[in-house]
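See below for the structure under consideration.
Chains here go by letter, A, B, C, D, E and F, matching the order in which they are written, and residues are numbered from 1 within each.
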Amino acid sequence: MVELGKYAGAVMSAYGLSLLALALLTLVSWLQSRKTKAALDAAQARRDARKAE
Amino acid sequence: MELAVENLAVSRGGVPVLEGVSFTLTAGQVLILRGPNGSGKTTLLRCLAGLQPPLAGTVSMPPEAIAYGAHADGLKSTLSVAENLKFWANIYGTGEITRAMNDFNLTHLGARPATNLSAGQKRRLGLARLLVTGRPVWLLDEPTVALDQASVKMFADAVRAHVAGGGAALIATHIDLGLEAAIFDIGACRADPDSGAALVGAFDEAFE
Amino acid sequence: MELAVENLAVSRGGVPVLEGVSFTLTAGQVLILRGPNGSGKTTLLRCLAGLQPPLAGTVSMPPEAIAYGAHADGLKSTLSVAENLKFWANIYGTGEITRAMNDFNLTHLGARPATNLSAGQKRRLGLARLLVTGRPVWLLDEPTVALDQASVKMFADAVRAHVAGGGAALIATHIDLGLEAAIFDIGACRADPDSGAALVGAFDEAFE
Amino acid sequence: MPMSLWQYANPVKFMALSAKVLPWVTGLTVLTLVTGLIWGFFFTPGAVNFGTSVKIIYIHVPSAMMAINIWIMMLVTSLVWLIRRHHVSVLAAKSAALIGLTMTIIALITGMIWGQPMWGTYWAWDPRLTSFLVLFLFYLGYMALWAAVENPDTAADLTSVLCMVGSVFALLSRYAVNFWNQGLHQGASLSLDKEENVSDVYFQPLLLCLAGFVLLFVTLLLIRTRSEVRRRRVQALEMRERMADG
Amino acid sequence: MIALLIRDMRLSIRAGGGFGLGLAFFLIVTVLVPFGVGPDTAILTRIAPGILWIGALLACLLSLDRVFQLDFEDGTLDLLATAPMPMEGAVMVKALVHWLVTGLPLTLAAPLLATLLHLGAEGKFWLFVTLLIGTPALSMIGTFGAALTVGLKRGGLLLSLLVLPLYVPTLIFGAEAARRGSEGMAVTTPLLMLAGITAGAVALLPFASAAAIRINLR
Amino acid sequence: MIALLIRDMRLSIRAGGGFGLGLAFFLIVTVLVPFGVGPDTAILTRIAPGILWIGALLACLLSLDRVFQLDFEDGTLDLLATAPMPMEGAVMVKALVHWLVTGLPLTLAAPLLATLLHLGAEGKFWLFVTLLIGTPALSMIGTFGAALTVGLKRGGLLLSLLVLPLYVPTLIFGAEAARRGSEGMAVTTPLLMLAGITAGAVALLPFASAAAIRINLR
C-alpha cells in the first residue's frame, strides 16, 4: 500500500465515493439496457403474432 | 373559396389516428363529421385549424381563413359575458358584438361574470365567439354539448345564416342538428398500424 | 326505498333559482329532469347530493344513499383508467372494477393514462364510476355529453340494469335516451323574484 | 448515394454499428482507466503544497472537464435534432445527461473533500465551484423536463430549446460569478502554452486518466443511447398496438 | 382513506411533481442566498439557520396550492364530498401526503444544504431536529389555508398571504431553536413551544379545514 | 395585441390576483427575514440588498405559472394560436403584463420595505434602480420557463427548477450593483451587464418562448 499520511481519509473517500458513483452509473445503464432489450423483444414478438393473424 | 383536403394523415400524441382523409367543402355548404368516440374527429379539426402539422397530405386553405370552436370555450370566469366576447372581437379586428349577443340570446346576460353561467349558457357564449371572428370557414367540435333544444335551433339558424352569406362549416357532432348537410364519416379512415401513414415520418420508419 | 322531495327551494350563487319542487322517485324508477339552459337542473342535483343546503323544503333521503355524477368527471390525467376507477371503488369500499370496465367497454383501455382518452372515452370512464359506488340512487347531470350513439345505448343499458336491480335514477338531460321513464320538467318551478322562496332566509327577508 | 456521417443518424445503422464497436470501446476503456488510476494512485509522489492529497487530481480534473464537455456535446446534438430532425442525435443528448450529472457530482464531491484539508472548508463561494453548482442545476432541470413531458418528440423539442437557452445563461453566469468573487481555486495548469506546466510525473498519468474518462463516457453513451433507441422503438410498437385495438 | 393516501402519493410521484421538486426549490433558494448577499463566510454562517428555515417554509408554501386545487378543478372534490369518508379524514390525508412529499425530504436534505452556508455540525443537528418537529405544523397550517382558498381562481398568491402570518410563530420558535443550538445555547423553551404548535395544529386544524371546504363547495 | 394587453391587465386586477398579492408576498418575505435571522441591525443592513433582490425574484417566480397555464386549461391558448396574431406578440404581451403587475409594483415598493431592514438612503436608491432595470429580464426569462412547461400538470415546481438557474446572472449583477451602491462603491460594470441581460432577453427570448408554446400545443 502507498503511504497517504494525514490525507489518507480525504484521498480514500474521494476515490471511494467517485468510484462508487461511476459504478452505480454503469450498473444503472447496464440494467436499463437489459430491460429495454427484453421489452423490445417482447413487443416485437407481440407484433409478429399480430401480423401472423 | 373552397376547403379541399387531400389524402390527409394525422396523429395524436404520436399515434397516427387517421389516414387517407379526402373531402372538399365549398362556400355555402355544411359538412357533418361523424365517427364514434375516439375515432379522431377532434384530431382532424385541430390539424385543419393549424394547431398541429399533418403527417401527410395537403389542405388547400391556410388556417387564416378558419375559425375553430373547440371542446373548451376559452371563457374567462371573472370577465363578464360582454367583455369575453369583446375581447375576441378585438383580437379578430371586427370589434362588433351586438349581433352575436342577439343571435345567441345573450343580451340579457351581458353584464354577468362568465363563472355564474350555467353549462348551456357558457356554451352559447362560446358559440357567439364564432360570429365575431368574421372568418368564412367554421370548424366546430361538438358545438351543441349542453345546449337545450331551443338553443340547438338557435345554433342551427346561425349556421344557416353563415353559409347563406357565403361561409362554410365543418361540424363534428353525434346528434342530428336539423341542417341540410352532407355527411362525412371518418370511421373508414382509421390509420392502419402496419403500413401507410403510421410510418411516414415516424421514429421507427427505418426499422420496417 | 324512496326519494321524496317536497316543496324544495334552492339557490345558486345566492340567487334563488327554484322553488316548490316536489316529486318522488321510487325503487325501480327512472325520472328524467328537463328544463332549458339555466333553469336550475345542476343546482337541484347538487342540493340533493348534499353539496349545498336547500333554502326550504325537505328531502326524504340522506345523501349517503346517493351517487352523484356531475358535469365534470373528476379524472386524474396521470392515472391510468383502471387506477382511476380502482380509487373510487376503494373509497366506496366495493373494490371490484371488472364489471364496470366491461359494461362501459373500457377493458382494452385499462392501462391508458386518462389524459390520452378522447372526450367520449373520458365520459365513459366517468360513468363507470357510478357502478363502483354501489349506491342505490343515481343523480346524473347530462351524462351523455360527448357520447356517440353506441355509447349512449351502452349507458341506457347500464341504467336499465341498475333500476332492474332495485335502484333508481334521476337524470338531467336534453336528449332522448330511449329509456322508459317519467319526465319531470322544472321549467314550471322557477323561483318568483318577489315572493316565496326568494325570501326565505335571504338577506332582505326582514325588509319586506 | 453519397456516404456521409449523417447516415448513422438512421437508428438501424446506428444500432448495427454501435453493436460492433461497443465491445472494443469497453475493453479499451477498462484498460486505460484502470492503468491510469492505478498509476496515479500508487506510483506518483506527493506534491509540495498538496502532500499526498494531490492524488485526488486524477479523478477531480477529468470529471470536471467531462462535466463541461458533455454539456457542450448535448448542445451540439440538440441543435442537430432541431435542424435536421435526426432522432438518434437527440436521444444521444438525453442519454448523455445522466452521465454529465454524475460527472458534475463527482467533481463537486472530490472538490469538496479536497477543499477541507486545503482551504479548511468544504465549500467556498469560489467562481469555479459556484458555476459548477449552476451547471448541476442545469443538468437537473434538463432531465426533469425530459421526465415531465410525455410525448417523446415534444420532449425532444422542448429540451433542445432549453439546452440552447440554458447554454447562453450558463456562460453568462460563469462570467457573473467571476466578476463577483476572485476565489481560491487553482488556475488552469494544464494549458499547453504555459511554461510552468505540472511536472511530467503528474502529467502523464493525468493524461491517461483523462483519456480513460473520455472513453468511459463514450462507452456509457453508446450503451445508454442504444437503450433509448430501443425504448423509443418499443413505444412506437406499443402505439401500433393501441391503433390496432382502437 | 388509505386509498386516498395511496392515490395522492402516486399522483405526486408520478407527475414528477411534489417529490423531487420541492427539494429542488429548497436547494435553489439556499444557493441563491449567497448570490444575493455575497460570499462572506462569517455572515453566511450567522444567517444560515434562519435562511434555511425560511427556505423550507417557502418550499412548503409553494406546493400548497396544489393540495386541493387540482381536485377541485376536475370535480373530484365534489365527488369526494359525497363519498363515504369524513371530510376531516380527507383533509388529514392531504396534509400527511403534503408532509411526506415536501416536509420530510426537506428535513432530510437540510443538513446537507447547510454545508453550502458554512453551518457547523452542531448547527446542522439542531436544524434537522427543529425541522423534523416543525414541518408537520407547516403542512397542517398550509392545508388549512389551501382549504380556505380552494375554488378561487388565482388563489395561489392569496393563499401565501393568508398562510404566511399563520406560519410566523412556527418560524420564530423553529429558527430561534436552531440558532441557539448552533451557538451552543439552551434550546428547551423554543423547542417545547414548537412541539406544542405542531401538536395543536394536528389536533384542531383538520376540523377547521373540513368546514372551510364544505363551505367552499356550497 | 392591445386587446390582449387590456384583457390580461383586467384579469389580473379583477381576480384580486397578481397585483396586490405579488407585492404582499414580497412584503411578507421581507418581514420574515428578521424573524428568521434575528433582529441584529448591522447584519440586517448588510444583507438587505441581497435579501430584497431574492424576495423580488421569488415573488416574480411565484406568479409565473399563471402566465399561460390558465389560458391553456380553459382552451384560450388554442384559440389564440389560431387567431390573427403572431405568437411572439402574444408572448411579449404576457411578459409585459407580468412585469406590470409584479415587477413594477415590487420595484416601487422595495425602497419602502428596505426601511424594515435598515437600509440607508443611498442603498434604497440603488436598489430601486437595479430592480427597475433587472425585473423586466426576470419577467421575460420567467415567461420562457412558463412557455416550456405550459400544459404539464403540476408544472409549477418544475418551472421553478428550470427558471432559477436562468435567473442566476441577473440576480448576481443586480444584487451586486445594489450592494456596491449602498456601500458607496462604483456600480457601472454590474449595472451595464444587468442592462445588457435585460436587452438581450427582451430581444431574443420571445422567439424561443413562442416556439416552445407552439410545440406544446401540437
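Keep in mind that, in the parts below, a residue touches a chain if its C-beta (ideal position, glycine included) is under 8 Å from a C-beta of that chain, and two chains touch if they have at least 3 such contacts.
What you see is a predicted model; the values in this text were computed from it and never measured.
Peer 1: Going only through chains that touch each other, how many steps at minimum separate chain A from chain F?
Peer 2: 2
Peer 1: If you average the CA coordinates per chain, which chain's centre is most distant from that of chain E?
Peer 2: Here the answer is chain B, farthest from chain E.
Peer 1: Could you tell me which chain lies farthest from chain F when each chain's centre is the average position of its Cα atoms?
Peer 2: Computed centres place C farthest from chain F.
Peer 1: List the interface residue numbers of chain B and of chain C, divide the shared ones by all numbers used, and answer same when the ratio is over half, different when under half.
Peer 2: The interface is built from the same residue numbers on each side, given that over half of them are used by both copies.
Peer 1: Let me have the rounded angstrom distance from the C-alpha centre of chain C over to the C-alpha centre of chain D, please.
Peer 2: A distance of 57 Å separates the two centres.
Peer 1: Please tell me the distance, in whole Å, between the geometric centres of chain B and chain E computed from their C-alpha atoms.
Peer 2: Chain centres of chain B and chain E, defined by C-alpha means, are spaced 45 Å apart.
Peer 1: Can you compute the centre-to-centre distance for chain B and chain F, using the mean CA position of each chain? Integer Å is fine.
Peer 2: 37
Peer 1: In whole angstrom, how far does the Cα centroid of chain B sit from the Cα centroid of chain C?
Peer 2: 29
Peer 1: Quick check on chain E: which residues sit in contact with 2+ other chains?
Peer 2: Touching at least two other chains: 15-16, 21, 24, 28, 35, 38, 153.
Peer 1: Which chain C residues touch at least two other chains?
Peer 2: 71, 78, 115
Peer 1: Check each residue of chain D and list the ones that touch at least two other chains.
Peer 2: Within chain D, the residues that touch at least two other chains are 137, 140, 144, 148, 150, 180, 233, 237, 240-242, 244, 246.
Peer 1: Would you tell me which residues of chain E are touching chain F in their complex?
Peer 2: Residue list for chain E touching chain F: 12, 15-18, 21-22, 24-25, 28-29, 32-33, 35-38, 43, 46-47, 49-51, 53-54, 57-58, 62-63, 65-66, 70, 73, 153-154, 156-158, 160-161, 164-165, 167-168, 171-172, 175-176, 179.
Peer 1: For a test of understanding, state which residues of chain D touch chain B in their complex under the given definition.
Peer 2: Contact set of chain D toward chain B: 10-13, 87, 150-153, 232-233, 235-237, 239-244, 246.
Peer 1: In their shared complex, at which residues does chain B touch chain D?
Peer 2: 13-17, 38, 190-194, 198, 202-204, 206-207
Peer 1: Enumerate the contact residues on chain D facing chain A in the complex.
Peer 2: On the chain D side, the touching residues are 37, 41-42, 46, 51-53, 55-56, 59-60, 63, 98-99, 102, 105-106, 109-110, 113-114, 116-117, 216, 220, 223-224, 226-228, 230-231, 233-234, 237-238, 240-241, 244.
Peer 1: Note which residues of chain C are touching chain B in the complex, please.
Peer 2: 13, 35-40, 42, 71, 116-121, 123-124, 142, 145-152, 174-175
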